[in-house]
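Two complexes, one shared chain (chain A), two partners (chain B, chain C).
Entry: the complex of A and B
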């Protein structure tokens, strides 16, 4: 059963998250273990399993990036697992760019220059969105190698943004 | 649903279900009566709050509540207070000798108090006495049996502390329907009372802990978006701030224990008077120390700012800003302090809600949840969806934590990940489950270890072990490991003998922020060390099996490269230089690898016809 099946949807890259959230609430009201607190063990276990599947599907589908990775996974390429992601070769020029940016970020971290780091993250955020859009187009026309390449980029760029966020959180406290 | 139950259990009426706030200082029981959540008074009077104090008498009798409080001074080692702070802890975790002058029984595992009148008692048993008293109180209020309860716990309680609370309920003869997070309970009491829709924050400042929760109520579903907190921050710190200033004013540099105890009591009373008056004072041995509300506000400002940090983090985790919050619910006695109220108002840009008694709101919410879980007629009214407070992960190579479930994930949930074997012929895999936000195992809380054995002998990387974490609606974790080619499987429910201390959770959270950068470097180094080990093992294997493909000079050079990398891997702390060295050895190996490939292809070609190849 795929995450889309859980919500009775056909696999799609664009989803109405508000509607999905409404559906999550309606389905939770139907299946949540609390609805069966006084029922027998088997019924409670079934409720637990259904709700688990629901929560896990929602976690993936509500997020456009996770959703795109998941659609790619349904097409046979799992970029979520380290082992298989390592098989995807990114072009050297991109890796060099990542390295160069990483050095710049290290410098900013040392200088505790959160503002500059945020500016970098914003720029990278735009690139990430563009790569995600290209990945979606590729997925639409079933071009798995191109989608893999673009989502590989998204993967790298996301990590970078996460690092900036960690830096910001540190500054916050 | 109802009919089904009656068929199943015709002889066992369940009686009334209650909600219990098992607090550090006071406890309270409540139930929904005629559709309205109501706190239940003790039979001897109108007093609702039961002091969480238990006295063990010489004759084996047990006193709970007010009468036990009266014996605190005369029988301190036989009278246990603040037992909640000991729940799920071992003597080893404790800096708790300062929590009271108790006589602990030395040994491993759970804390035991040596008290008068017989055997040592555990915190679970002491809590059980409090719960039993509340159960009796409810039974006399209903003039009937009470067998089911929802008990509240701080959102930051870990697996061990939750388990201990559940056990205490069982000891008191209660079926624990659900452990409910305290702020969630409070929000439930407000949400239903006001029939509200939208996003709420619950700011819960008790005697010793601070919790913040962000919740959304839409279409009858109460969804916890994020939780956070500071488990070593509360009203006790306000009292200490007063005592410190009083000691300075009196010129006392080395106060006696009695002086500290007297000052703490006087300080707390002076603080409480400030809620109504602009000025307050305390006396010690005939001397008077006076201070204004403005003085006091200044002393506690740094403490309030710490709550602000936790609030901002919780908002960020929920993807929200203060403007998105429709109402802020205050919980806990310390929120009576005017400076706390004005701080919260400034933080969220709106005055907080405080029209339900902050001492009762948690128990009232628990009573509502108990009613929702047992009363089929109310089932459609509301549903609570909760989250886990701390991330859960596994130890991977190099002592790095791989997080499987992140903090603030909705529960119940499950998450699986495949790990591959690392060595040729590896037949077992150690599974080490950890809790916390840090990058490295050594900085995280260890929850459980077990070993998956019986993996068939295979080359490195071929054995594939699927590890699955499952968390149920009470937030309790179970772990399953399965080797995918053979189906060999092992499963455990994580039941630690003692949980993480609040202080540890807090420390872990603080550390994860303070050492974020440090962690990242250590993590990167650990990753490169793993990579170096893999490359070295591979290089040695190829030298052994295909070394004849190299001429003596090439071979010598390659061996030197291998040795150099090995030396560096053992000595360096710089991940970048190690990465470069790995890269260099890779480059050096390239011609060698090509020859090996050619040999493999020609070997494979032997015995095949051109067509089939």
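Entry: the complex of A and C
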């Protein structure tokens, strides 16, 4: 059963998250373990499993990035898995760029230049959105290699942004 | 997540962090990334003409396991021939550092980096040799 199945949806890259949230609330009530306190063990277990599945599915589907990675996974490429992720090769020029940027960020960290780091993150955020859009187009077309490439970019760019966010947290504390 | 003592050791005191001259014909550079997390690693090897690894340096932007893995392999490959170095697998690394299964890609990164660095060196050497060959031919075509 896919995360989409849990909500009775067909796999889609665009979702109405508000509607999904409402559906989650309604279904969570319907399957709430308290309502099955008197039921037999099998029914109780089924209700519990349904609740867990709903929450797991919601976590993935609410987030456009996670959702795109999940749609790609349904098409056979799991960028989160330890094994298959190692087989996904990004072009060297891209990795070089990532390395350079991480080195630059390291320098900014030492200099405690949070502002400059934020400026880099903003630029990268834009690249990430563009890559995500391209990935979605590719997924619609069923172009798995291109979608893999674009979501690979998203992964590296997200990592960079996380680093900047951690730096900002640190600067605040 | 709890890291093993060996990971912490390497993480707190990583060996051979740094860079070698990328343009040096005897230096092979391996740049690899892990799409599972978005981290990157650069491993550079200085290799003698007869294929012995004389020096190794790394720069890793990644978790503690990745830093420990790269630190460990730089120690391992020094003094080895490139034939021996390519036989190092992520399993060897993960075992030595007691990495949990979710950290396998971090050691895969180190294995891939060794292979990429050696490949880079070999390609450079091949280019140089074909370059040498044309250099030898040149005098006959030029006055």
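Convention: the second predicted complex is superposed on the first by the 169 of 173 C-alpha atoms of A that agree within 3 Å, B and C clash if a C-alpha of one lies under 4 Å from a C-alpha of the other, contacts with A are read in each partner's own complex, and residues count from 1 in each chain.
Keep in mind that, in the parts below, a residue touches a chain if its C-beta (ideal position, glycine included) is under 8 Å from a C-beta of that chain, and two chains touch if they have at least 3 such contacts.
Here the structure is a predicted model, which means the values were calculated and not measured.
Enquirer: Look at where chain B and chain C land on chain A after superposing the complexes, then choose clash or fit.
Expert: Clash - chain B and chain C, as placed by superposing on chain A, overlap.
Enquirer: Please work out whether A:169 is in contact with chain B alone, chain C alone, both, or neither, and reply first, second, both or neither.
Expert: first
Enquirer: Which holds for A:17: it touches chain B only (first), chain C only (second), both, or neither?
Expert: So A:17 meets neither chain B nor chain C here.
Enquirer: For chain A, which side has the bigger count of touched residues, chain B or chain C?
Expert: Counted on chain A, the partner with more touching residues turns out to be B.
Enquirer: Can A:32 be said to touch chain B (first), chain C (second), both, or neither?
Expert: first
Enquirer: For A:55 in the superposed arrangement: first (chain B), second (chain C), both or neither?
Expert: Only chain B; A:55 stays clear of chain C.
Enquirer: With both complexes overlaid on chain A, does A:155 touch chain B (first), chain C (second), both or neither?
Expert: In the superposed model, A:155 contacts chain C only, not chain B.
Enquirer: For chain A, give the residues common to its interface with chain B and its interface with chain C.
Expert: 81, 83
Enquirer: Please output the residues of chain A touching chain B within their complex, sorted ascending.
Expert: 22, 25-26, 28-29, 32-40, 48, 51-52, 55-56, 58-59, 81, 83, 109, 163, 166-167, 169-170, 172-173
Enquirer: Show me the residue ranges of chain C that touch chain A in the complex, using the header's touch definition.
Expert: 31-40, 42, 59, 61, 101-102, 104-105, 108, 112
Enquirer: Under the stated contact criterion, what part of chain A meets chain C in this complex?
Expert: Touching chain C: residues 79-83, 85-86, 88, 90, 92, 95-96, 98-99, 102-103, 106, 152, 155-160 of chain A.
Enquirer: With touch defined as at the start, can you tell me which chain B residues reach chain A in the complex?
Expert: 1, 4-5, 8, 14, 177-178, 218-221, 223, 309, 312-313, 316, 372-374, 376, 379-380, 383-385, 409-415, 417-418, 420, 470, 472-473, 510, 513-514, 516-517, 520
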